[in-house]
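Please find the structures below.
Two complexes, one shared chain (subunit A), two partners (subunit B, subunit C).
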Partner chain A sequence: MANLELLEKLCNASGVSGNDDEVKDIIINEIRNYCDRLYIDRVGNLIGLKKGRKVSKNRIMICAHTDEVGLMITGILKDGTLTFEAVGGIDCRVLSAKRVMIGKIPGIICSKPIHCKTAEERKIPVPTKNLVIDIGTESRKETQELVKIGDTATFRSEFIRLGENKIKAKALDDRLGCYIMCNILKKDLEYDTYFAFTQCEEVGCRGAVSAAMSIKPDIGIVLETTTAADIYGVSGDRTVCEQNGGAVVSIIDGSTIYDRTLYKVAVECAKKNNIKIQTKKYVSGGNDARSLQRTAGGAKVTAISLPCRYLHTPSCVGDMRDAEQMEKLCFKLIQEYGDLDI
Partner chain B sequence: MNIEKSLRLIAGTPSVSGYEYLLHEGIFSLCKGVFDSVVSLKDNSVLAVKKCGRENAPKILLNAHIDQIGMYVTAVHEGGFLSVVNIGGIDTNILYASQVTVYGKKTIKGVFVSTPPHLSGDRDAKLEKISDFLIDTGLTEEELKDIVETGTPVVLDGALDLLQNNMISSGSMDDRICMIAIIKAVSMIPPAEQKYDIYALFSSQEEVTSLGASTGVYEIEPDMALVVDVGHANMKGIDKIGSLKYKKGPAVSFSATTSRKLSEAICRCAEVNNIPYQRVSEANNTGTDAHNIQIALEGIPATVLSLPLRNMHTPCEIISLEDCDNMAALISAFVADGTYRGEEVCIVGKS
Partner chain C sequence: MKSEKLIEKLTSEISVSGAEYGKDSFIYSEISKYTDTVTIDPMGNIIALKKSEKADAKKFMLAAHMDEIGFLVHYIDEKGRVRVSGIGGINSVSSAYTNVVFENGIKGVLVAEENTKNADLSVKKLYVDIGTKSRKEAEKLVSVGMRCTMVPNFTKLYGGKISSHALDDKVGCALLIEAAQRVENSPYDVYYVFTSQEEVGLRGSATAAFSVAPDYGIAVDVTDTGDVPGCDPMEVMMGKGAAIKIKDSSAICSVKMVEYLKRIATENKIPHQLEILLAGGTDTRSLLMTGRGAVAGAISVPTRYIHSNVETIDMKDYNACLKLLVCALEGNIDA
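For the complex of A and B:
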């Protein structure tokens, strides 16, 4: 597995939607010497231009989002604990008894002990609005010194290997995409390529709109993670896609019908270069492609995703063998798409 | 003796009920130099003894349990998934997407499957039973079968964190933290002031059947027993009444199932020595080893000292270091006080 250190740093960084500077700083540090132009636009997208050997017929933009789902502090209670809301889609069942970081302050999402729950309470998940974060303080005043309303909190989850090829971390969605973009940026490219590290994907694919406005791409390639439900007992289309099944090239998801030509080119390209790919078997989810497709007169779009288990939880699980296939495919497609007559 | 350091020393060792022996080495090293003798008992409990050298000194049993809640592997599935059964009470609400350690032939990591939204339907509707959960290990079925078998213990990972105000969060502090408080208490008593023979019983299987305490008592035949366990600290969602407050000292139990005279003696001792304490009423059951100890042998005056703890039976239990220190101070003061004798009261004739 190549340079996992960078991926680890990216996943461990705190970057809840709208508050992702820490992630951008890591990326800037990593790629500044490889860009011909690098800037942060007015809404917070980090955009880099890397010149290739030639200018292509079609302007290509690759994008991955820097933000992650997380929590926002909404209030401080009398006993010093904090109320919060989810930023982005978080299943309330993954929250109880989890560790979080509010900036540099460690906290615990409290979980009413099973001994104190009624038989009925034991059958239903505690909704997010009934949960609080405990940071060890005893009064509102004491907490106010440390945490402010509007601060964001991320899951604390170790970046670990699971078996030979898999990793488990928070925020693989979409630091994995950012990581692959960094890797590609460091290579010699055939064509000039724009790299957009977009913000606020998790709250409506918003950053990609402004990024597309300023880049005006003809073709957009979105590097993402997508649900893999290939778990024991699930079969057929319900698995969505499979780990170690290769890079996922989408035909359709919950918000985009992907460009048919680009899809075919990607499939051909994979075959030619011995790259393992699969497609999504279940219509669900969505990503920045939906913004790129309809902004500034529109663009043709492709999404290349990592089959990722347990998205939007503290424990995303991805297979690095799939990540390698994604990187290979994306690199080759810069040339293939640049040459296309569209 | 530093409580946080002691806790860190054993934090990485599992002791799911039935596997307490894995923790014995750690317990022996914590007890080193504090007791006269430390032995393992047949049911995986540990008995540590320190005599006071006085003739006919009463025997005091200081008890904390050393097992922790956890899981046993029940099956290995295609794709490298495990099924488990809970050992002790586990709220399935805390399992989704949690990291675990599986203590097989090799120690491996895993995560509980969190069903993706497109499969789980109405997400607010219900919690699955633990038998419906899977653990994803990232290994193949074949690799996994070489490492685990039915009964392999599994523990929810909970790193030890220092929160604000010297509050500590970690897994399995129920009831290791109280074992550490007992060892610290014994280490604090000046030998000349020890009035009882101390029998510290670090018991097994409290989380399932109270086995270790029920049998261990017979090795000791104590005159009185202090059971030291964790109690629910006040938090959002649980009743203020009956729950404990942090930083108000250990809670002394008043219950139909604990000895009122012993409890009162402890309260008096706390007052005399200026150690903070709180009273807690648990009318019918303390839910601790004291329940069985009290009716063992010909009856043993027993009570419970509780340490306030939030999020019990989760990997994020929270305690106050200050409370632990006060717990140790109170136990130590009580053993040095020695007024309470726990004797039967003879009304007619001789006892």
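For the complex of A and C:
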């Protein structure tokens, strides 16, 4: 398996939307020596330009988001526990009894025990507003010394290897994309390429808008994760994609219809270079591609994703064999897309 | 080409959102005849410019979307049945049990799972039977990502009415082409823009409007009518003339544009009516709000049964829209 130290660091770092400096610091440290220009724009996107051997016909921008779904503290109750809201799309069913970190402070998400619930309450998942975080304190005053309203919390879930080829971590969405970008940045590139580590994707692909507005790419490549529902109980037409099926290339998702020429070139490129890919088989989800495609005068876009099980939970599971294929494909596409007549 | 022939031609060519007409299309070659330059932007919008004789002319952008709603293959099962996702606002009741054709000409029938109650009918319950009996066989004919739409069904009805799938918005495209043929001496640089991906959220018009950066804009599209059984109350009637949009769910038109179109229609004795569309958005929004914005409105063709296979219009309304469009481009909004 590839060198996972960097990916582990990235996944374990805390970076809920709007509060991802820790992630950016890791990335800056990793890539500063490989960029010809590196800066953070006004909304907080980290943008690197890496010069290649040539300037390409089409300006290429590669993009992955630094933020992750998480929680934000909204109140401190008398007994010292904390109310919170989800930041980004979190299914409230995954929250109960999970371990979280509010900065350096550990906590547990708790709700009424089963014997205190009414018959009606037992039938439905506990809504987020009825959950609180217990950090072990006993009064509001005690909590106030440790946590402030507006602090963000992440799932506490260590990066581990799972079986021969897989890994489990929180925030694989989209630290995996950031990781691949770091790896590509360290290679010699054919063409000048912009690398944007974007902000606030999980709350509506916001950072990518300003990144695209200032870079003005002709072609955008988004590195992402996508739901792999190749699991027990899901019928074939709902699986979206499969683990160890290769890098997922999208034709359409919930917010973008991808460029057909770029898709075709990606498929041909994969074939030529023996790279394993699969097509996303269900119209759902969305990512920064929508912002890249439709900001200013527009850009042609491609998304390359990791088939990821249990997305937006503490336990995202990815297969590093797929990640390898993503990296190979993205690296080759810089060359193919740069040359393209569009 | 006569208007009806033109519309029939346009409805017979598949252009589901995201796979619209390109350089080798009828629209591209046709609009090239009447304009000075034609380009295609990254989103696939076809942008044609007819320069004014006047120096320093202001920019007037017309937008009609060339995409239509349709279906996209997302899965082929082991028995060779093709599962599709809807693109745009699909009416499942109208879609079930119809003939469809794929981009490569392969035909099929779009049907619902047996015993599906009408109330439970959704795209998830539909599949295309293309006559194949295994996945292997089917994969030789169609592939994941391929689009299909209704088999062309253009029909002339009594008294100058016509019916077809995809009149939304092939009639708008036809109007732009015919306007480009007719407009003489416009004081404006006129941009005839055939937009992409309107049906999935007004996407193409946004980048087109950014690049063109117009001063004035008119979207040309279809609108609902209030003259069919069971419909919501609405003033617009089929046969009562060109609809001048005041508002829809995506846009409130510029008062200046609404007043201008009313004035032009009255001066030229063009039958017209005012439109407030309760549900549905149009490219008008992009014209109004992209970049630094434009004074914009819309001219709509009153259309019955929108997003069904039998959208129906009255050619009298079409002709009124055409005349209004031409007069608006030849007139002076600041006069």
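Everything below uses one rule, namely that the second predicted complex is superposed on the first by the 335 of 342 C-alpha atoms of A that agree within 3 Å, B and C clash if a C-alpha of one lies under 4 Å from a C-alpha of the other, contacts with A are read in each partner's own complex, and residues count from 1 in each chain.
To be clear about the criterion, a contact is a pair of C-beta atoms (placed from the backbone, for glycine too) under 8 Å apart; a residue touches a chain by one contact, two chains touch by 3 or more.
These figures come from a predicted structure and were not determined experimentally.
Steric overlap between subunit B and subunit C is absent once the structures are superposed on subunit A; the two fit side by side. In the superposition on chain A, contact is made by A:Gly298 with subunit C only, not with subunit B.
Of note, the Cα-centre angle with subunit A at its vertex and subunit B and subunit C at its ends comes out at 130 degrees, rounded to the nearest 10.
In the superposition on chain A, A:Leu7 makes contact with neither subunit B nor subunit C. After overlaying the two complexes on the shared chain, residue contacts for A:Asp237 are found with subunit C alone; subunit B is out of touch.
By the touch criterion defined above, A:Met320 reaches neither subunit B nor subunit C. Of the two partners subunit B and subunit C, it is B that touches the larger number of subunit A residues. Shared-chain residue A:Ala270: touches no atom of subunit B or subunit C.
Of the two partner chains placed around the shared chain by superposition, subunit C is the only one that A:Ile257 touches, whereas subunit B remains out of contact. When the shared chain is aligned, subunit B and subunit C each come close enough to touch A:Tyr282. Closest CA pair between subunit B and subunit C after superposition: 12 Å apart. With the contact threshold set out at the top, residues 282 of subunit A are in contact with subunit B in one structure and with subunit C in the other. Subunit A contributes residues 218, 236-237, 251-252, 257-260, 263, 279, 281-283, 293-294, 296-300, 342 to its touches with subunit C in the complex. On subunit C, the positions that touch subunit A within their shared complex are 17-19, 41-43, 72, 74-75, 77-78, 83, 85, 87, 144-145, 197, 200, 203, 206-207, 210-211. Residues of subunit B that touch subunit A in their complex: 77-81, 89-91, 93-94, 96-99, 108-120, 123-127, 134, 136-140, 143, 157-159, 161-167, 169, 232, 234-239, 246-247, 287, 310-316, 318.
Of all residues in subunit A, those touching subunit B in their complex are 77, 79, 81, 89, 91-94, 96-99, 105-117, 122-127, 130, 132, 134-138, 142, 146, 157-158, 160-166, 168, 227, 229-234, 238, 240, 282, 284, 309-311, 313-315, 317.
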